[in-house]
Amino acid sequence: MSDYVIPSGWEAVIGLEIHAQLATRSKIFSGASTAFGAEPNAQACAVDLGLPGVLPVLNEGAVRMASLFGLAIDAEISRVSSFDRKNYFYPDLPKGYQTTQLARPIVVGGQVTITTGEGKQAREHTINVTRAHLEEDAGKSLHEDFHGMTGIDLNRAGTPLIEIVSEPDMRTPEQAVAYARKIHAIVQYLGICDGNMQEGSFRVDANVSVRPEGETAFGTRAEIKNVNSFRFLQRAIEFEIERQVDLLETGGEVVQCTRLYDPDRDETRLMRTKEDADDYRYFPCPDLLPVVLDEATIKSWRAQLPELPDAKAGRYQSEYGLSAYDAGVLTASRATAEYFEAVIARDGADPKLAANWVMGEVAALLNRLELEIGDCPVPADKLADLLERIGDGTLSNKLGREVFEALAEEGGSVDAIIEARGLKQISDTGAIEAMVDEVIAANPGQVEAYRGGKDKLFGFFVGQVMKAAKGKANPQAVNEVLKRRLDGD
Amino acid sequence: MSLTNDQLQAVAHLARIAVEPDWAEALRSDINGILEQADRLDDPRLNDLEPMAHPLDQVQRLRPDEVTETDDRETLMAAAPAQENGLFLVPKVIE
Amino acid sequence: MSTSDIPHRGGDAALINASIAELRAGLAAGEYTANDLSAAFAARIETIDPSLNSLVSRVEPVEPASETGRLAGIPYVHKDIFCAKGTRTTCGSRMLADWVAPYDSTVHERLTRSGAVLLGKANMDEFAMGSSNENSHFGAVANPWDTNAVPGGSSGGSAAAVAARLVPFATGTDTGGSIRQPAAFCGVTGIKPTYGRVSRYGMIAYASSFDQGGVIAKSAEDCATVLGEMAGFDERDSTSADREVPDYAATLNDSIAGLRVGIPRQWFSEALDPAVGDAVTAAIDELRAAGAETVEIDLPDADIALAAYYLLAPAEASSNLSRFDGVRFGYRCEDPKDLQDLYERSRSEGFGAEVKRRILVGTYALSAGYYDAFYRRAQKARRLVTDHFQRAFEQCDVIAGPVTPTPAFDRGAHSDDPAKMYLEDIFTIPVNLAGLPGMSVPAGFVAGRPVGLQLIGRHFDEARLLNVAHQYQQRVDWHTRMPSLGGDSSNH
């Protein structure tokens, strides 16, 4: 986490608008596929292209997924919601309007709890969600050069989105990132969004304003768009707070505007001011009728809700005795929790040991390779094998790390690696006794000094035995035998 | 309510329709003629009525989430005024 | 081949005036084949249409897709607002002058499945905006009864083609009167069903919450046959009604004795041409003679309805027509210098004056600061008008009155004053606001130009409208009258 501190005397007010693409098979208003990566316009059917005469029909999956989100954040699911048209011209908007929900969104209210800081600094905050509404995504403009023209690919046009609008409840970039991560986790737990920020499945816009500490009125805000990672979100908000505070401290004024975050330059850039904003001429879409949901439907959807991050974290603490922090880390993403649960699914698994490994070795490996846990080169069942061998004394933690590295680099089975590399820990008491006796025999001076009271020399004997065992002796057994031989005789 | 020339130009821009000066006056007077009729909506009987968006009291039907369309790009793009490599082409969009 | 080449009882006149049932009987009896029939009507189009301009495209007839369907072998034309795959579909606009639809409208699919044979696409006011068919990129259409008169609009080509007996029937659409008004002006029978009865999929949208497809034919009986094939639930149209389509033919011959016919007193005022009023009154007398009872009802606020419609429909249109931007299909201006120029010139050059006027009115009505005063208020007015109908139908089963205040006017008569032109729709628009079914039935002539009787029913009561119209047509012969046309040897 960043150690950014807001300029003294100032307070930031942050609200987020998050667009999450829903993981439906087909589009929100047509039967075209939503799969990513097809040939340009191969997944744009007559409806998506907005051909003359075509009409929209609403996808049940999109309604269900949006409702699941609402249920997950304890929001109200509108029994009657409806669609409006937002009119503006843009080449990637085929009909000249976006079908969205302005007046009656499907999800109203709701909240999520976020935690910032660690240990004693840990603080919980409740962030309120204003609304979440269904809408269609636009296509893409490709600016590579086509004889000085722009190419339009409408495959994405009509992909269902929910736009999740928060209250301006966040006061620091850290809180904003924690909130965005929590929403990201929730949509992935629900299986309603793949959460891929690079491909634009999960997009975050931030509304940022600043005000003198103690002031209750909001300052003028800027909307930051085009933030495609949590790190950039943090940086973009930090930059924007600094920009606004600088302006105000030097007698300037913040102008309401939309800004783009440029990760290469690490700055936000003016896109348009309020004055150039279009008049969207919203009105009820006459091609779609009110969406009415009955209690039974909503009840059946509620029954589909999986265990969500907060509940899971609570269970990890009570059931596995994990710390709040560890439980929070392990449940922060659905993929991490799934990995962890797969590891401890093994009979006799030690959840604390597993937690340490997932948060330690696994996280470090992924970090080094810049991979997501879903692509971890050491799959959960291999890690479970490995931890089993630590548990039964075959491997020490240190040897375990060596096996883990081998698994990551070459794959293969845990036992085969142990065998091939001769990494098996020596726990056989007879063999260890023999090695201890040799060391004692070879170092009479040190033995005398130790027995004369130089306790610190114990470590020397352990080192000598381990050296003789090429590091493979079970350290606990070495300690026991040494103690017996040195102290007992 | 009547439309000024500036308003007409602003509306024309929103609609992406050019209103040349030689048409503006006649058009403005036509539109104002239509808007004059709208004064009849200043009727107190309307105040408490529920706005009516649709003639029938029906609710939206939901389509099962199934892919029913296959790639028909060649047919669907046949009428494109300008295209290349399966993309519609427009004058450079500056972002 | 011309119609006279067909060996047929009664020759030409009998063939072109034959009902759909008679044509089906002729086909079944082997008196002629479907190909003979389509060739005969195609030949008639060839001879007659140059003086009318009722069609914008001819379509090479193909074998009927069904031999047993209720419309098997029956030739027809579509209003050029219905997409038919592989067929140019222009909507009367330069914007779509070269656009070949890559898919079928549901209406086209259904008519094809029923065996109907498409012979052409009918002229229309551009994007269905107009009451005279003078707003077509492809030129005005002449009224077959008097070539100086307009045929009405926006389905003017469809009405003129049926009136001139170029086809047994034509499709039409009605947003504010666009089937009923041209049917009245051309002396043919037209039905606009309840909103939601006929699928709008593939029917190019003007104002989505008003648009409704329907039929123009020579008689109520033929309308019943065709509507039965066109109507019905369509899962591709969210506003399509999921209810059974009754067998409209089955109730045509029901007696209308005891039927309560509501006469809206406000519609017989000074706005109505007295001669038209007389013809309509005579028609109502005929219903009474058939056993119906008449009851005076109130349908006030036609002026409010008109004002509401001319805000709501343009508002919806301004949004519906945004897709015509020169990017994916349709007209694109030459050498656009930038994106803004592409949009503005493609739309300004591609759309005609009336379309642009309505887009601008609609854009204004929806713009910030005016939405509540215009759009929302107009939606409330829509409720008011609908409530009036609801109360009226507590007292009657159908409503009967004029379709238009005057018979067909001369070409150019209203083209300088859109607000005046809009008054043509004063009796038809309230029906669209409420989404009710309405019909226009030929009811006589004023100075040689036809007059229509309008019948309005409760939601989904098309069967009753068709029944009343059919019973009326059993007693009169207005619908059998045919205009005399140059180049036509079969005049009465």
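So that you can tell them apart, the chains are marked A, B and C in the order they are listed, and the count of residues begins at 1 in each.
Throughout what follows, a residue touches a chain if its C-beta (ideal position, glycine included) is under 8 Å from a C-beta of that chain, and two chains touch if they have at least 3 such contacts.
Fair warning: this is a prediction, and the values are worked out from it, not measured in the lab.
The greatest centre-to-centre distance from subunit B, using averaged C-alpha positions, is reached by A.
Looking at contacts between chains, the pair that accounts for the most C-beta pairs is B-C.
Distance between chain centres (mean CA atoms), subunit A to subunit B: 41 Å. For this pair, subunit A with subunit C, the centres built from the Cα atoms lie 58 Å apart.
One finds 23 Å separating the Cα centroids of subunit B and subunit C. Shared interface positions of subunit C, i.e. residues touching 2 or more other chains, are given as 99, 102, 209, 235, 238-239, 318, 325, 327-330, 339, 343, 363, 367.
Taken residue by residue, subunit A touches two or more other chains at 46, 49, 51, 57-58, 87, 89, 91, 152, 154, 279, 281, 286, 288-289, whereas all remaining positions touch fewer. Looking at subunit B, residues 14, 16, 53-54, 58, 60-61, 63, 72, 76-77, 82, 88, 90-93 sit in touch with two or more other chains. If you check the complex, the residues on subunit A that touch subunit C are 46, 49-58, 85, 87, 89, 91, 94-97, 152, 154, 279, 281-283, 286-289. Taken together, the subunit C residues at the contact with subunit B in this complex read 98-100, 102, 194-196, 209-210, 235, 238-239, 241-242, 303-304, 306-308, 310-311, 318, 325-332, 336-345, 347-348, 351, 353, 356-357, 359-361, 363-364, 367, 370, 373-374, 376-384, 386-387, 417-419, 422, 432-436, 459. Interface of subunit B with subunit C (complex): residues 1, 3, 7-8, 11-12, 14-19, 23, 27, 30-31, 33-41, 43, 45-47, 49-56, 58, 60-61, 63, 72, 75-82, 88, 90-93. Those residues of subunit C lying in contact with subunit A across their complex are 82-83, 89, 91, 96, 99, 101-103, 105, 200-205, 207-209, 235-239, 315-316, 318-319, 321-325, 327-330, 339, 343, 363, 366-368, 371, 375. Interface of subunit A with subunit B (complex): residues 24-26, 30-33, 38-46, 49, 51, 57-63, 82, 87, 89, 91, 141-143, 146, 148-154, 271, 278-279, 281, 284, 286, 288-292.
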